Structure formats: C-alpha cells, structure tokens
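Below you'll find a set of structures to go through.
In what follows, chain A forms one complex with chain B and a second complex with chain C.
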Partner chain A sequence: MMEQAVAAFVQEARDLLTGLEDQILELEGGSTPGQIDEVFRILHTVKGSGGMFGYTDLAKFTHCFENAFELVRSGTLAVGPDLIELSLEARDLMVEFLDIGSDGPDSAALLASDRSAKLMARIEEITGGSGNALAPGAAEGAGGPAAGPAPMTRFEITFRPHKDALRNGMRPELLVRELEDLGETDIGFDLSQTPALSALEPGDACLGWHVDVMSDCGRSAIDDVFIFADEAALTISEEVLEPAAETGGSDLADAGSPAAGAKPAAPSQSPAAGRASESIRVASSRMDAMMDSLGELVIAQARLDAVSDSIGDTNLASVVEEVQRLVTGLRDATLSIRLLPIETVFSKFRRVVRDLSKELGKDVQLVAEGGDTEVDKTVIDRIGDPLAHLVRNAIDHGLETGEQRSAAGKNPRGTVRMSARQEGSEVLISVEDNGRGLDRDAIRAKAIEKGLLDEATDLSESEYYNLIFQPGFSTAAQLSSVSGRGVGMDAVRSMIDALGGSVDVVSRPGLGSRITLRLPVTMAIIEGLRVRLGESIYVIPLSTVEECVEMSAADMESRSGRMVLQIRDQMVPYLALDEIFGQPHSGQETRRVVIVRINGNEIGLVVDDIIGQGQTVIKSLSPYHRDIPGLGGATILGDGRVALILDVATLVRLALKRGGPTLSKAA
Partner chain B sequence: MPKTVLTIDDSKAVRDMVAFTLEPQGFAVIGAENGAAGLDALRARRPDMVITDLNMPVMNGLDFIANARSDPAGMGIPIVMLTTESAPDMKQKGKAAGATGWMDKPFDADRLIAVTRKLMG
Partner chain C sequence: MTATDQSAGDAPRAAQDNHDNLLIFRLEGEAFAVSVKGVHEILDLQSPTVVPNAPACSPGLINVRGVVVPVFDIRHRLGMVSGTEHASSRMIVFENVIDGETGRLAFTADSVEEVHETDLSSLEPIPELGAIWPQACLNGAIRLKDELVVLLNTDALFAPDSVDDVAATRGA
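Let's look at the complex of A and B:
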C-alpha cells in the first residue's frame, strides 16, 4: 500500500518539478501573483508530500526555497535574476533527490553536499535568513503544547455555532470535551437564541456556549480546538495569570489557524491541474501491444477482403465492408492515442536556450509556435536530440554577438523560433534564427578542404546549404564547448532519416536561417504505393511519391548508362531497383518509373509494375536485414505475403552519389 | 464496527496516503476519484466522515459538498476539504457549501489523525 503511495508521490513530484521549471522560467519575463502562487504551491507540495512519503531530505532542502517564495508572495522579497538562477539550480537538485530515492545515506549525502549547502546558503543570503530559524515542517505543526510551557492563562471563550453547523457535521460537544482536556474548565450555556419548543427545528444548532479554561497550553492550542469554527461565531479573550519563565514563541501565529489563512491571494485554480486530471497514464508497452494487435487486425482485414472478393457473395461483402469501416475507425482512434502535443518537447528548450545564452553571453529570446501540433510518441521520444543540436547551432553559430548585431543595425537580442505545424500526413518542425545566415563561401571553402567538393564544381544555393549535412562538416572556425561535440548535422540528418523524415535548409545572408524537419505524423501505419519487381512486391511510402511515368526498354538503352531521365524540362537520375537489390532483370518491354522526392531531391525508381496503394502496417526488419541499405521495414500483404518497404532517403542519396557531378551539370 | 472515512481525491497518492495513515488507527478507509464517484460511495457505503479534495474532474469538491449536504447520507457527517494554502477564498466557499472544516494540503500524518479524531470523537 505504502509503496504504491510513494510511487505515486514520486511520479506526481516529477510532474510538479517539470511544471516548476516552466513556471520559474516564466518569472523571467515578469511575474504575476498567480505565477508566484503557483511556484509556491509546487514547492509547498513537494516539501509537504516529501515529508509525508519519506523524502525528508528533499523536504528539508525544498524548505528554504519555499520560504523564499513565501516572502515573494507576501511582497517582502522581489523576484530577481539571482533568485531565478538559484531556483532553477535548486529544482535540478530536487529532481536528483527524487532520482536517489527516499531517505537514506545517499539522500543525506546529497543534502550534506557542497552543492546543496551552497544553494541553501545563497538562498538564505537572499532571504536574509528570515524564517529559516523555523525547523522544516514546524510551520505545519499542529501547534500543540509541546512548544514549551506558556504562561498560565485564563481563556474566556464564547462560541455560538451557526444554525447549519450540526447539518454540516460540526459537533460542539466534542469541542467542549477537547477544551476540558486542556485544563480546568467552567462551562455554561447561552440559551438566548433558543426558540420555543413549538418552533424548534431539530436539525438547527441553537445553543451557545461559554467556556472558561485555565491552562498553560498557550493560545495556539485553543485556536487549534476551533480550527474549523467560524471566526464570527467565536470570541476568545485571554488573561495571563502568572508570567512563565520563558516568554516568546507562544505568540507565533500558527499557520493552521483560520485567521492566519485569510491572506488575500489570486484564485489559483490552475488550468493545468484541470487538464492533467482529464488524462490517464498508460505504460507505453501496453500501447505498443495494442498497436501490434491493430496491425495484425488491419492485415487480417485485408485478407478477409481478398477472400470475400474471390467468393463474390453479396451478404459476405456487406459484412466485410462494415468490418472494414470499423477497423478504420479503430485504427484512427488508436493512432490518435499515440499522438502527443509537441509542446512537451518544446518546453524543454526554454531552459536550454536560457542556459546557453548565458553561457555564450548572447541575449536570446526563444519563441515557440504551434506547440499543440500533435505527433507520434516515437517522434516525441526521438526528436529531442536533433532539435537540441539545431537549437545549439542556431545560438552558437547562427546568432551574432550583441555588438555584432547592433553594428549590423539589428536588435541586439537574437531570436530563435521553434515552430511546428501539420501539413497533410506530415508534421513540419522548424528551428529558425535571425542571425547571420549560412555563409555560402565558407561552406564551399570548407567542402573543398574536406574533399567533399572539387574546385571546378559549382552548386546551386540549396545544394551548398545541404553540404552542411555531410559527415564531418563543421563551419565554426573554432569548436566551442557548446556545439560541435563530434556529432554534426550529419547526425541530425541520420536521426531524422531513421524517423522516416527529411531535412530542409533555407538561409538568407544577414537575415538568418531556417532548418525544417519534415516528419510523418504517425510511424506505425503509412499510406504506401505497392510496386512489383519480378515476383516480389515492394512498398514505397506514398508521402514521398511525386508521380509515375513509363519508360521503354529502348529508352533505357539510348541513355547508354547515364541513368538520367528527362521529365518535362528536368533531368532526373534514376535507380533500377532490380539492380540495387540484386534481382534478375525481368526483360520487360515497358517499365514504370516512380518519381520520389525527399529533402528537395527527385529521383526515379524503376520497377516492373505498379499494383496500387493502401494502408501499410510497418514491421521492423530482423537484425540480419536491418543493415541492408535501401530497406526501411517490412509489411504483410492481404494475401499473407511479405513485402519490403523502401527507405527512400537512402536510395535518393545513393542515386545522387552515382549521378555525382554529371547530375549537377545536367540540372 | 470501525468508523469509515471516505477520501475523495483525483490523486491516488493522496488517497493512498489517507488510507495508509488512518487504517492503522482503526479507521476503515474507502476512496473515490472525483465528486460524482464520491456521492455514489457516500450513498452506498454511508461513511462516518468524508475528506475531499476541491479541484477534481467530473465533479469538484464544492459541488460534492453541496450535493452531499442535501442527501440523507451526507447530512450531519463531518466533511473536511483539503485545500492548498494558495486558495483561502475556497475555504470560505467550502464552508458556505456546508463543509465542516478544512485541512491544508499537503498535510502531515499526525495532523490528519488529529483532525479525524477531533471530528469523529
């Protein structure tokens, strides 16, 4: 039981700390009382729940930051860059506490570590040490008499419960009994509000009480008895009978009393909390299992279709049609479960950009747009690294320093814009900066130096830009610690390729550059074009297909191995797939060429025949086949045969490499 | 026959916490994840006390309290709401709706036990 509660606490705390990072970052742009409340609430919850669930070290560490924001909330302390900086560092440490686990030698070590001590010392510097004298958790204490002997006092209490008090679960006699436990009491009734018997409503509370208590329990213990009572109905006067040896302490307002709780603050029914409660968490393995079954179902349904067609029974056909409709609905619903807003990825970059701009001494503003665009979970999981690389590049290489920007007549503050939008079955995610733009001449020089290009060759603008994706390419004269850690843009491209996407660069000298990632919305089922090559069937992702043309054997001959095809006024290189996959040439008179386009490059794929298009459930290849270039996966056809899915990005690169300089001349 | 406490909260961690804290003290604890489920449990199980969160999906704590107070099963039993400190105005609204009292969130175990004993005697 307790383990489950602790696990739930850890999960909730993680979510809270993720939210905390966002909230703190938002404070940088100016704070509203609502935001401060939210930060405070999160720290308060982490501290309080931490204490409840055996994360006392975490609670102790969190306490001084909660305290700081309590001061901010009360207007005693202003939010400054120092506080934000410290809070962010503290938040990271809190996550570490969660990682370590509940109280033990490890968490104690972390609490005692220099890092913790320094952070706590610095925050106390800011808060002026106020309030820190309180032991952690003492503010929530029940305020019992344990705090030490208070002077012997006579408390005169009058208490008149509200008419509805009994209906509302209040039991005045319990309160009186509690007072009796505190000291010597003298109890009387106030019957002045009691109606005549005929008018008496049994559910109404109509008795008033006078209670005198002689006790050394302190005022807070008396207040504690009446924590749930209306202030309006209660008066407590006190008369100190003999001074206690020690004064002080007893006057501390306890946080639990109704009076202390009546601080004005903005209502904070955060919309985030409402949103969170409308969703459920499911282990992704369960979702994968569901996806697998769905894939099988789609395949089975295709077989059913085929069988029904061959039987030709109208009753069967109508049932099959119905099943098909249901399967399609189920498929769409299931796929949509896998979709998550890209905001979850974007939000992480606020911190990255902030830290990086500090590190590099550049003033950078991050603008994120289209965070509600939904993409497949697989994409969400794997897009972080490539995006991080692009954002780092944009800040490190793309944006100029403040002085350079001012000199160029630009706003000294640079902007990095991350945006996402859906276009058909693809999601476009772009990272854009308004910096200096890509330097075509520097790229050219570098490419020649690296042997990626020969002196004589000239390329088009976009071809130059695409060179930055070549392995080992880096234009920064000096490698900084930020970007250029051995992984270059080529790593970005290969990661995007692996997701079945493509990368595109646009750049304007002096105005900035934009790199756009084009990714399929869903990774599990694609729309595919089925083609035949000899006896085998292959599937080409339909999103890459531009058009299909015919080519006669004579046509092929006449090109005498140049492997280029004229489509209207454009020369397009082509690959004969049978040659690529080592299949015997079919010798067919007229063949088909599927023109595909990826990363702005078009090539033709020569096949024997085009069969049709349809839903394709992607199955991964076995480890033995995974490394074959040009294959992206496999699928099962309606008749039970296996078809291979082409990896178009790799094939395009292969064709361009072959076409080489000839191609660029021709184009 | 142990006294029964109904805890209504959309956070399982909080429900578990309440159960874990009160069960060793001899109380029976039942849970519900929102106000509507809470009303069902209230009518079916007739708890001796209710501890309810305020901000919940489907039916929030205030609506739960108002509904409970107009139901025979909820009349006269203590209903304590769990509030965050940042929502003091909610305490007033809660009292107006018929709550017996409130506890600040997060709460510690001793406080929860003390409040539960205080209200049920």
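Let's look at the complex of A and C:
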C-alpha cells in the first residue's frame, strides 16, 4: 500500500516538475501573480509530499528553491533571467533526485554534491541570504509583505488524520515534527477515539493531536504544514501575543490560502484535488493487457463471422452482427483511452528550443499549434526523438543567424513552428522554420558525390528534398553547414516508417522549410485489406488504398519491360508482389492491382486476388523479421493463421526507385 | 523487467548448487538439451506462415494462442540438413532475450524426451566428435545413461545473425 503511495508520489512529482518547467519558461515572457503562485504551489507540493514519502533530501533541496519564490511571491524579489536560469537548473536537479529514488546514500551524495551546493549558494545569493537555513519555516517568515517578522503568535491546532490516512501514506509524526521546527510546541494526544485493543485495526489512524505552537512564522506557514492533510479534521486558532502589524492575514489573502479561522478539512479545494475526480491514472501495462484482450476479441469475432457465414443461419447472423457492432464500439472506446494530446510531447520542446538557441546564439521563438490533437500512446512514446532531430536541424541548419536574417530583410528572431492536426485516420505533425530553406544545388552535388545520382539526371523539387532521407546523407556534416539538414534524417525516416507513417518535405529558398510527419492515429488496430498471393494472405492498410483494378495477363505482357501501368490517363509504376517476395508466379490469368498512395505517390501492387477487408490487430515482428523491406507487421486471421501486413511506404519507395526513370540504379 | 529480475534472482541460487533442469530433445538421433527455465510450452507441429525474404534461421511465423511467434530453424543454425517431419516431431516454444528484447520463438525437435535435473558442474567440454556443430552454440556436454547430451547455449543459438555467418562460411 505504502509502495503504491510512493509510486504515485513519484509519478505526480514528475508531472509537477514537467509543469514546473513550463511555468518557469512562461515566466520568461513576463510574470503574473497567478504564475508565481503556481510555481510556488508546485515547489511546495513537491517539498511537502517529498518529505512525507521519504524523499527528504529532495525536500531539503526544494525548500531552498522554494524560498526564492516565496520572496518573489511577496514582491521582495523580481523575476529576472538569473532566477529563471537558476530555476531551470534547480528543476533539473530535482528530477535527478526523483530518478535516484528515496533517501539513501545516493540522494545524500547528490544533496552534498558541488552542483547542488553551488545551486543553493546561487539561490541564496539572489534571495539575499534570507533563505539560508535548511530547516523549513525559517524562511517562511521572510515571505510576509512587511519587512519585519510576523508577530509572535500562539497557534492552537487540533489535528485528526482521516481513518485511512496511514494507508494512504500519510506520516502524521512528520507533520508534528514540522510544527516543532516552526517554534516552541506543546504537544498532546487525543485518545478519545481509540478503540479497545481487541477492536483495533493496525492500519487505521485513531490518534488525534493537540499542538500549541508559539511562533512568529505567520499563519501561512502553519497552513502549509497541513497542505496535504486534505482529509484530516483540522482546526487552527491563533492568538497574537505581541502587538504588530496584521501581516499574516494579508499574506494569506494574497496567496489564496484558505481564510483565517478554524476550518475543518482545510485546503481540499486545491487544483490537484479537483483534477483527480475527473481522471484516473492507470498503469500502461494494464492498458496493454486490455489492448491484447481486445485484439484477441477482434480476432475471435472474425472467426465467429466466418463460422456464421458457413452455417448461413439468419438468427445466428443477426446475433453475430450485433456482437460485431458491440466489439467495434468497445474497440473505439478502448483505443480512445490510449489517445493522448500531442501537447505532452510539444511542451518538452520549449526547453529544448530555449537551450539550443542560447547555445547557438540564435534568437528563436517556438510556436506550438494544435497541441490538443490526440495521438496513440505508442506514437507519443516514440515520436519524441524524430521530432527532436527535426527541431534541432531547424534551429541549427535551417535558421540563419540574427545578422544574416537582418541582412536578408527578415525578422532577426527566427521562428520554429510545431503543429499537429488530424486528417481522417492520420495525424499530421509538422516542424516548420522560416529560415533559409533547403539548398537544392548542394543536395544535388552531395548526391552525385555519394553516388546516389548520376550527373546527367535531374529530379523534381520534391525528389531532391527526399534525398536528404538517404542513409548516405546522414553523416554529411559538411553539407549541413552549407545547406542545412542531413543529420540523422534517415534515422527520422526509419522511425516514422516503424510507426507506419510517412515523411514529407516542402521547402522554399530563403523562406524556410516544413517537414510533415504523417502518422496513423492508432497503432494497435487498423482497417486492413486482405489480399491473396499464391497460397499466402497479406494485409494492406486500408488507409493507403486508393482503388483496386483488374489486370489481364496481356497488360502484364506488354508492359513487363517498364513496370508501369496505365490507369485512366495516368501512368502508375507497379510492383509484382510475388516477384518482390521471391514467390513463384501463380500463373493466374487475371490478376488484380491494388493502387496505394503515400506522400502523393501512387503505385500499384499486383496480387492474385482481393479477399476482403476487416479489422486487423497489428502484432510487431520479431528481430528476425523486423528489417525485411516491405513488411510492417503480422496479424492473426479469422481462421487462426498468421498473415503479414505490408509496409506500404517502403514498397512505394522501392517501386519509385525501379520504375522512376529519373533516379539512377544506385539510388 | 520481470525477466531480468528473475534471472538476477536465479543467478545466486545457480551458483550455490549449480543444478538445473534440462529439457532433452532429439535432432537426427542426437540428444540436445536446453534449460527448462526458458521453455514456455511444447506444441504439436503447426505449419508456419512463410515470411518472404526471411533469414534462413527463421523462415516463418506461427500463432501460439494469439501471439505471433517466429519459427526458428535450429537445424540450419547447427549446420544440419533440413529434416523430415516425424510423428513424434514437436515444436518447443522458448522464451529468450533476442536483441535485448524478451520474446518467444518456436523450434522443431524430432522428438522431446524428458526433463532431467543435472548438476551443471559435471558439464564436460565437447569432444572432437562434437565439433561438427558451431562451437559458439554449445555450452558443453553431459553424460546421461551412456549417452552424450549436448547442452545448447541458447543466447548464441538464437542470436539473429552473427552465428549464421559462421555456419554459412563453414558450409561454403
């Protein structure tokens, strides 16, 4: 139980620290009291629950950091570039504390390390040394708007944790200890609700506390101690012992803390509590298990369909249809649970862009649009690296330096735009810069040098741009300094291929470039077209299929030399799948061609027959088969057989390479 | 994750008494063994879906209770000629780490004999005779009822390529 609570804390702390990074970066553009409060709230939450769940080293460090924002909140300290820089570093260190795990030699070492010592020293420098003590409470008093300390006050606190509090990981003794740190305390127990020994449940919290605290720390410090004791019965009354300005109260009002006076179940309306009721956190392993079961259900349903068809009973058929409808509904509902807003990925790049623009001395603005577009969790998990490549390239090679931009009559501040939108069953994610654009001539020169292109041939604009995804270009460091792009672009493409997506490049010289990733919304179950090739069944993702046409042996005969097919007024290159897959030719008279389209390129895939369409549960291939060109995965058919799913993007490239008259053989 | 934890947990125990349960099976009359820890289940023969352009070591896929499992050609890896099916032929579904991923694969044995508890310290180096198989795939031999049982090194045996090259050059 406790372990779960700790795991929940770590997860929540990670989320909070991610949010913290955003908040800090927001501060760069100017701060509002609301933002400062939010930063403070996050720090305070991490400190408080960190201490409660055995991350006291993290809590100690955070405390120091929190002091700085306490000063900002009170208006004593202004937000400047120094503080933002420092805050980002401190945040990173907090993440490291989380990574290390709960208190132990490692976390102690990190707390004692030069880095954290230096960070804390720099924070103290900014805060004017007022936050030097590590003990909580010492600095809280400095947060009051008045320069002087809060008046010496006697707080009478009664505190009774909720019965389940211990099971939820609460540590009342730590709260009491925190109170002790605030000032002189007189602690008493309330045993009135303690049952007889025979009725005692060891996990229940039965004790209550009466604590009198004599302190000049101010009411907010007391409230802060109990900030996480949401469900506890809590009353706090105060009696000012020394005449002084009423600072504690106004501080409270500023901070939006609960109003002064006795109030049971104090700050339960914190935003976090509000959110908790709207969503639940589920371990992704459970989601995966659910997806697996759903996959099997879909397969079993396909089998049921097949059996029902063979029996031909109308009663059975209507039930099967009903089941089909329900399964489809269940599938859609389950898949939608796996969808997450792409914002979670985009938000990481604010920091990347900021750091990179400092490092490269370029003034860059990041614009993110369509962050609420939802994508499958698998995509979210894997899209980060390719996007990082693209963003890095855009800043490093795409955008010019400030002087160059000014000279070209552009805004010296460059823009990188990340956007996402849904189009049918695909999500389009693009990274766009308003830099110098791709240098076609340099790409051409490089391609010839690399032997990817021969001197005589000329390509269309988009074909040139697509060359940057050739593996040969990935190591082309010199090129990147001339024309931009080229670092790891083949890695980007292979990652996108693995996700069943495609990449598209648009570039205008002097105006910038845009790289668009097209990805399926869901990775787990797709609509597939089943085709037959000899004895084997293959599945083609339906989203790529444009149309199916018949092809007679005569057509094949007359065009065999060129591998191009006339579809109405268009010449379409085609691939005979049996030849690609090294299968014997079936010799069938009339065959069919499935016309597929990716990145605006149409090709035909010649198969023996088209069997039908249906939901296809994608199973990934083992390392033995993962690298075979043209195969994207496997699935289980209604009859229990395994069928392979085609990787249309790779096949299209293969066909264009063969059929396209413009590229040389080497390409 | 669990697999690593498990193997980490097993290591000290194995060091203590060095006993292991081995599954003994036959190929071309020869007795081979793998550790039973990796054995997931044993199935009747299934005809696999052929994967086009697949490496010779893994020509196809089968469906094991809703999981797509690659079929591994252990004969090819050991440099044996591909054999015929027998009434006693079985598929052994084995869980192994391939390229850093835990996954299942299935391989065919002419027959599956028994599970035998063995003291691994009695493992002998393969005698000259055994050198017809790629050495990297073998852990050693144990003597069982006057017969030599070859204990296979499953990590090397089921590696996606490296040893394949060795086998190929030997064959050439």
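Convention: the second predicted complex is superposed on the first by the 479 of 667 C-alpha atoms of A that agree within 3 Å, B and C clash if a C-alpha of one lies under 4 Å from a C-alpha of the other, contacts with A are read in each partner's own complex, and residues count from 1 in each chain.
As a convention for this text, a contact is a pair of C-beta atoms (placed from the backbone, for glycine too) under 8 Å apart; a residue touches a chain by one contact, two chains touch by 3 or more.
Just so we're clear, the structure is a prediction, and the values are computed from it rather than from any experiment.
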Max touched-residue count on chain A (chain B vs chain C) belongs to chain B
So in the superposed three-chain picture, is A:D37 touching just chain B, just chain C, both, or none of them (first/second/both/neither)? first
With both complexes superposed on chain A, which partner does A:N168 reach: first (chain B), second (chain C), both or neither? first
Once the structures are superposed on A, label A:A634 by its partner contacts, choosing first (chain B), second (chain C), both or neither. second
In the overlay, answer first, second, both or neither for which of chain B and chain C A:K619 touches. second
Applying the document's contact rule, which stretches of chain A touch chain C when the two form their complex? 292, 295-296, 299, 536, 580-583, 619, 621-625, 628-631, 634-636, 640-644
Residue set of chain A touching chain B in the complex reads 1-2, 4-5, 8-9, 11-12, 37-38, 40-41, 44-45, 47-49, 51-53, 137, 140, 142, 164, 166-171, 174, 177-178, 203, 227-228, 230, 255-256, 258, 261-265, 267-269, 273-274, 277-278
Complex interface listing, chain C residues touching chain A: 48-55, 57-58, 61-63, 66-70, 72, 98-99, 101, 103, 105, 160
Can you name the residues of chain B that touch chain A in the complex? 10-13, 16-17, 19-20, 49, 55-57, 69, 75-80, 84-91, 95, 98-102, 104-111, 114-115, 118-119, 121
